[in-house]
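Lettered A, B and C in written order, each chain numbered from 1.
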Amino acid sequence: MDWFVINLLNGISYGMVLFLIASGMSIVLGAMGIINLAHGALYMVGAYMGWTVAVKWGAGFGLGLLAGGLCAGLVGLAIERGLLRHLYKKPNEQVLLTFGFVYILANLCLWIWGGWPRMPFTANFLTGSMEILGRAYPKARVAVIVVGLVLAIGLWWLQEKTRMGAIVRAGMDDKEMTMGLGINLERAFALIFFVSAFIAGSAGVIGAQLLGVHNALGMDILLLALIVIIVGGVGSIQGALLGGILIGVIDGFGKAIFPQLAMFTMYLTMIVVIIVRPAGLLGRKI
Amino acid sequence: METIKHEKGQDRWVSRGAPYILGTLVLLVTPLFLDTYGQGLMTRFLIFALFAMSFNIVFGYAGLMSLGHAAFFGAGGYTVALLKLHYDVNLFWISAPLGILVATLIAALFGIIALRASGIYFLLVTFALGQMLYSLAWNVKWLNSKGMQGITGINLPDLGIPGFTLDTIWFYYLVLIFFLLSCVLLYRLVISPFGLALEGIREGEPRMDAVGYNTWYLKYAAFVVSGAFAGLAGVLFAYYNFFVSPNHLGIATSFLPMVMTIMGGLGTFLGPVVGAAVFIFVENFASILSPQRWPLVLGTLFVLTIMFAREGIGVYLWRLWTRWGPNYGSVKN
Amino acid sequence: MEALRTKALSKQFGGVDAVNDVSFAVNVGERLAIIGPNGAGKTTLFNLINGQLSPTAGRISFFGQDVTSLPPHRRAHLGQARAFQVISLLQKLTVLQNTLLTINGTKPHRFAMFRPVKKFEDVLQKASDTLKGLDLWEKQDQPVSNLSHGEQRRLEIGLGLSMEPKLLLLDEPSAGLTKEESAEIIGIIKNLRTDITVLIVDHDMDMVFEVAERILVLHYGQLIADGDPGQIQADRKVREIYMGVEDAVDYAGTA
């Protein structure tokens, strides 16, 4: 029983990080129709920046989190404002452009921070463990679950209940009409992209404990995000959450039962979902 | 993508035959004046040009953005490598066909899965499938030489001709023969009803459906054919490189034909070749000047091409040729 | 002989009934118009008949064969051809390329991989005949986007006819056309052979009353009237929907 619960919690906490990663990407995909392939790279930028502020400069986890998010957010914003917005009606080009940035950002991070990975880090008050069902369980992982839930609720509320959410949904359905109504879609897009990148960067700091900080993150995280989106479906927070948790749990139990199999449980799940429900479990057609 | 302009009517390429003849002559003659390093570089160029041309069928002509093409390339290479590693087979006439076959089978399998997804999902799925193979190659012991990642110990192929062993320059000519052969086959494919139908799908799948084409089948066939040629490129690559690694199955390699095709001119027949030439050239210089920064240069070059030269460098060169080159007359029915 | 029959055809989107329990039959050679206010479900109905959408209920039979679950490309082979509301021609390809593609669509060699398109003599001949008949032969190498709207409509309808269809579906052929261009289209339709069945959706009442032998009226997805032009004009429900009862008298007077 203990074994089950511990692995379940492991799976859920990992799944929450996956949700954090995929949510940002899903927002942009759902609202702007762009796959931001540089999303993983933004995660990485956030992780490195967060490490620098929190650990290297010793300013604490909270500031590190903020710094990571902001840094990634600003980079994302720069990409959107400087380049992406000139390709508004051309989603293929936009996707390709973001892919170029995977290489650019990865190499820049290499240049600035060097090739050695950083030690996983977390907040001081989260080090150590707490008791769950009579066993010690890392506080940091519990915190990740909590943060993930809070973000999920927050984003869902934004998506369903606010004016910005309504604008985004309208823009998704009918861009010209929305713009005709005088709503500044350009600004909305810039904001959305910034928020998505901010989430990615913050996820990098939060997830550092579980996923580490190293130069291959850009591609690794991208792959994870894509698998979560394929499984959970695009365009909704619920989809990213379901996809994340499902993959996290399946992967967690997979690793516990057959350690050799590494990522295959993830891939297998993905293939099954593609064949059975091509739009993802909770997918809506874009 | 705005890549097809009306000047590129299918027959105009043929009527202006001079560039082809010239190009073939250049390819035939130049390596004789180069050292083995230069010859190796030209071999590399031909292999990647072939890889990019195979990718162009799916991406440029059918309009399917696939980020997992290295799966077929790498599969071809790994087949050659595994035959050498486990069965000591070095005969070209066994390894090459098998390599192409394996690549084609993988394309056939992946095609069924990937084409369940439409639009943007297709991209995600092809990416993930490619990475899955990468992961397999990384983890499964049988797919690696002892104690390392990847497979070493591949030599130049044995052609089964008694008393004759390939050296660098003869290998180059072997690759050239297959490259030219593939060019001819792919060209005929592109000007066939099938090729035209692919372009139709790229430009408007719903119309193609309504007019009588089974678009799923067309896309699938394009995917599989493309996989076969990518596999051939991979086979030749294994012999060229003497070494295959999981990286040759993953995104790092899948990205390359995309860069080359876009830089050279998407959806044009020779665009990928031009793009491959530019790429290999720049890569060579970058690796001499600053190997550390090569990905940065590559990424930047790519971004710049997308922003400012979306039709590709090859198209600009073609425009120059058609504006100032000799005029062979226009082509009307 | 019935060319087309729908039985209790329905299509729901979310909670909305785009098409609701529509049943009708069309005889071979009939010229049937489908009218109704915007959003009445006319294009959805076409999408159901042609296969782009699957009905949530009901069945469709085409020349006696149940086609309800057949994809569009199979329906094309059975003899359906369609001109779309928003011109579906492939804008960046040339007039000739579009023509060849359409003609090849129902030919067995459309998948041929190793023979050049230009070597199929019969196809080229047909393309040449079609384009000359449409007076677009001179423009064969131009991208379709270079053609005027009227020329594109003419081409799309002409290409639909080149498919030698049994049923021609015309979705708002007069949209965006000038009076002269519309008259041209009316001329084309009127000159069609009587073994081709024509279904036309349009808002241009002049065109509808000129061309149609029979009119169906849709409103909020439901079929509310089915009759010849005279009957439809006199129909009270139809007049209420379209014009408000007071104006109906004026229109009936000028018809």
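Definition applied: a residue touches a chain if its C-beta (ideal position, glycine included) is under 8 Å from a C-beta of that chain, and two chains touch if they have at least 3 such contacts.
Treat the numbers as computed from the prediction; the structure is a model and nothing was measured.
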Touch-based graph of the chains, sorted into line, ring, star, complete or other: line
Most widely separated chain from subunit A, with each centre as the mean of CA atoms: C
Inter-chain centre distance, subunit A versus subunit C - centres from mean C-alpha coordinates, in Å: 47
Mean-CA-position distance for subunit C and subunit B (Å): 43
Distance from subunit B to subunit A - Cα centre to Cα centre, in angstrom: 33
Sites on subunit C touched by subunit B in the complex: 50-52, 71-73, 76-77, 82, 84, 88-94, 96-97, 100-102, 104-106, 109-118, 120, 124, 128, 140-143, 146, 163
Residue numbers on subunit A that touch subunit B, as the complex places them: 29, 33, 35, 83, 86-87, 90-93, 95-97, 99-104, 106-108, 110-111, 219, 223, 226-227, 229-230, 234, 260, 262-264, 267, 270-271, 274-275, 278-280, 286
Contact set on subunit B toward subunit C in their complex: 2, 4-6, 9-11, 185, 188-189, 191-197, 199-200, 203-204, 206-215, 217-218, 221, 225, 332-333
Complex contacts: residues of subunit B adjacent to subunit A: 1, 65, 67, 113-114, 116-121, 123-125, 127-128, 131-132, 135, 139, 251, 255, 258, 262, 292-293, 295-296, 298-300, 302-303, 306-307, 310
